[in-house]
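As written, the chains take the letters A, B, C and D, and residue 1 is the first residue of each chain.
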Amino acid sequence: MTTCQIDCHLTYKIIQPTEIIFLIHAAYSPNQTILAEQLCISPTAAWHEFQDPVHHNRHIRLRAAPCESFEVHYQATVECHDIAVHPQSSGEVAIRDIPDAVLPYLLASRYCNSDQLENMAMRSFAWMEAGYARVKAIEQWIFNNIAYISGSSNQFTTATDTLIQRAGVCRDFAHLGIALCRALGIPARIVVGYVEIENFSPDFHAVFEAYLEGGWRLFDPTRLAPTENLIRIAAGVDAGDVAFATFYGDLELLKIEPRINYQSE
Amino acid sequence: MTTCQIDCHLTYKIIQPTEIIFLIHAAYSPNQTILAEQLCISPTAAWHEFQDPVHHNRHIRLRAAPCESFEVHYQATVECHDIAVHPQSSGEVAIRDIPDAVLPYLLASRYCNSDQLENMAMRSFAWMEAGYARVKAIEQWIFNNIAYISGSSNQFTTATDTLIQRAGVCRDFAHLGIALCRALGIPARIVVGYVEIENFSPDFHAVFEAYLEGGWRLFDPTRLAPTENLIRIAAGVDAGDVAFATFYGDLELLKIEPRINYQSE
Amino acid sequence: MTTCQIDCHLTYKIIQPTEIIFLIHAAYSPNQTILAEQLCISPTAAWHEFQDPVHHNRHIRLRAAPCESFEVHYQATVECHDIAVHPQSSGEVAIRDIPDAVLPYLLASRYCNSDQLENMAMRSFAWMEAGYARVKAIEQWIFNNIAYISGSSNQFTTATDTLIQRAGVCRDFAHLGIALCRALGIPARIVVGYVEIENFSPDFHAVFEAYLEGGWRLFDPTRLAPTENLIRIAAGVDAGDVAFATFYGDLELLKIEPRINYQSE
Amino acid sequence: MTTCQIDCHLTYKIIQPTEIIFLIHAAYSPNQTILAEQLCISPTAAWHEFQDPVHHNRHIRLRAAPCESFEVHYQATVECHDIAVHPQSSGEVAIRDIPDAVLPYLLASRYCNSDQLENMAMRSFAWMEAGYARVKAIEQWIFNNIAYISGSSNQFTTATDTLIQRAGVCRDFAHLGIALCRALGIPARIVVGYVEIENFSPDFHAVFEAYLEGGWRLFDPTRLAPTENLIRIAAGVDAGDVAFATFYGDLELLKIEPRINYQSE
């Protein structure tokens, strides 16, 4: 069991009155227990939390008035649970047995355009033994064939773009993994969270989950950090669902520091 | 008040065991009351209905065994209500007043890639008086500038593709309307349903709704049928949410006849 | 030495007066000698031939008046030469030694968007021994990984599209081969011509050439016919240069039969 | 009559031995006479000039050895001629009367993908009086509807991208003008050259030419400088033909200063 201390600082210059929706709170999840948390906003602004009905992500909504420095400080103490699963033996779930609520994770989405790479997925991965090993092979293929290069992609980059460019950042790696899974009939989704990555300045991380026997399993084709160290913020069909900040107005991001510290016990 | 009789026939050749999810049932909606409905499947197959948590669309899920002719017959008697609204006077809703649950309809989606046509939307429509009249102007612009041509688009066609090609079918018209609204800060979504269109063989129709003061307002840039005659099946972020049939397996669509008859009283 | 008889029939319905430029004549090339040729056009229309200054392709330009059946019949007797080359031992040509006139075949073009797949090309082929063997490996990779499916592509399909879709026709195979070569610094171009392909109805064929030590070498990633049997019509940067017919006006293609017969001696 | 002094400095850091092809020399053109010119390269490198057979652009080819500062200095004195044309009265040239050598400028190209915006071009411009006035209307439309924003496009940006994004730089403006002309059956090409633009740091400029009665006519949808002040360097199908520098190797551009001064007499 590990206890983590999250310390997330975001600073903006607010140019015009701006509505902002943050997605920076630790998720309510069986894998983690939030022991304590606190959100400080300065200058003070009224905010409220709402959850979307599908992923139950915890959205924080507020309105920021123009100012030189608008600071958002989220702190949380979260306990990670060792969940006794043996994912290595997980098989794939036949379509007929996929729960109704999981079906949407089979559909192509904007960034995970699985319908465009069915042939590629079938040729490369269909012959493999189904199940955890196959998704692990997808993760490995991405790690081997895509270069992690900051700035090599943008907000329009899709899984097929990444496959051509052979470069991307964590969200692109996740999108490609998701798209390949869906193309093979395996439900998959993006997960974002806090994790410490050596030699990287603190940032939000994106990985993916595949739905296998026993439930959702986490994969990280970047191999940048052990997945068991990830404190989960949100899940979604793709990055369109899980932006850490969505805003309407005019602002400038000055600082982003989503730090995490681990205290093993 | 109008009463409609829906009579939707779908016939497939099932080549391999195939999981199918249909979206052909009249929606539960304040605008319409389902007086009676019946779903006949032949050869018999067990099915169940489930609703998604966001749009409450009524998905029918079943598994079809291989056969030469798999028939799905949905019949319903639906009463359309005259709802006393004066949409002409609806203004736009300031971002701060948009309900949490409506926020997702502001985001760019796969087919409604509003983030790519912000400049075009601003240049063409930002100077207009906000509200119902502006969305009406968008509807009119699409009607004037996009040709309705069957077969001119496919399952990958986005709003920007349609804007370039200047041709599409009803779903493309709806996607472009939605994308333009979102680019202007107006929440918008796709709605599919049954409607009779003169000189067209019966087919599902797609239109769009914009969220204005007083709630969702219907617009049809194809101008093919009066919107008050539409019996609503489903709503969604874009066509990805509202396919009338999604399947996993192998089949061939042999006949599609979603008929509707009106009996005014 | 082989002698071939080309017998190319094209029939159009001409709806409006239409300017047409055909590219169906056997090329003047060291690999082939035109022993005799004849062009019959019915109803009669004045035509002239011109060559472009780069590829010296033989364009036939004419104006067709409206009629139900406009027939173009090109016949030629062409001798193919066995040119004593040992391409297997050809190395690649260092950039500094590439002739000025060959440099354009290194640039990305519309269908051969080599600048988008540099990373993929480097990862997959850069480690190989340079020269003929490397281009042969590219040819083999395309043959192994892309399915030849009629109708799977259109006039907008690029090399990167084909790489994602894993399907195409001969011109798509050629474009992908060209793009991969250029990405590796090997000049490459498309070549179209006449060739007999078993179990295919007669059609124009597209292959590609790479510029190696000793000159241009032919490759056919479709493996549909022996390249030594190809009677060359034209070469170009990509398919944009070598359409067998380009027209301005309104017409309908009724029949396309570019037949070829071989008489070995 | 105007005499111009061109003074073009380019400085690179050469990281590896690099083959470079420059396109910076004033063109041989009836509109301008080169009175004197000089190319200095430091450290000295052997170079030669070659012209491509289509556009007769003057390519300078050389090989640069690794060094911290590789300087290219081109100076020329060029006389611009007032050519007595009355372009305002130029009509369009019927397809049948377009010279063979001008036909390629009707084809879609990578950046000027005219085949994708035929419908848009027809709807917006087909109703207008043909000729110079129509191309002027296209120029005006682009000026009115596209914002000149440095950095808003990249080497993959096509005319349709620019039409959607409503932003670009001079080459994007030119590409859109060319694509619209071609879609209407008017041959068009890109022209790059030297021109002084107020409030801009010196840079190469791109405009376009349309082929009308009397020959090629110059248009500049950016309206940044009078076209009669442009000293022409090169023409091409699109920007792919007229890069001021193409290189194979590894280098870094340190300074780009293509200055021009005018001495009216």
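What we mean here is this: a residue touches a chain if its C-beta (ideal position, glycine included) is under 8 Å from a C-beta of that chain, and two chains touch if they have at least 3 such contacts.
Since the structure is predicted, the reported quantities are computational estimates derived from the model, not experimental observations.
Using the contact threshold fixed earlier, the set of chains in contact with both subunit A and subunit C is empty. Chain pair with the larger contact count among A-B and B-D is A-B, by C-beta pairs in contact.
Look at where the CA atoms of subunit B average out and do the same for subunit C: the two points lie 45 Å apart. The geometric centre of subunit A is 30 Å away from that of subunit B, both derived from CA atoms.
A straight line joining the Cα centres of subunit B and subunit D is 47 Å long. In subunit B, the positions touching at least two other chains are 116. You'll find the chains touch as A-B, A-C, B-D, C-D. Residue ranges of subunit C in contact with subunit A, taken from their complex: 116-117, 119-120, 123, 145, 147, 160, 163-167. In the complex of the two chains, the subunit A residues touching subunit B come out as 19, 21, 50, 52-54, 59, 61, 63, 95-96, 100-101, 103-104, 106-110, 113, 115-116, 155-156, 185, 240, 246, 248-249.
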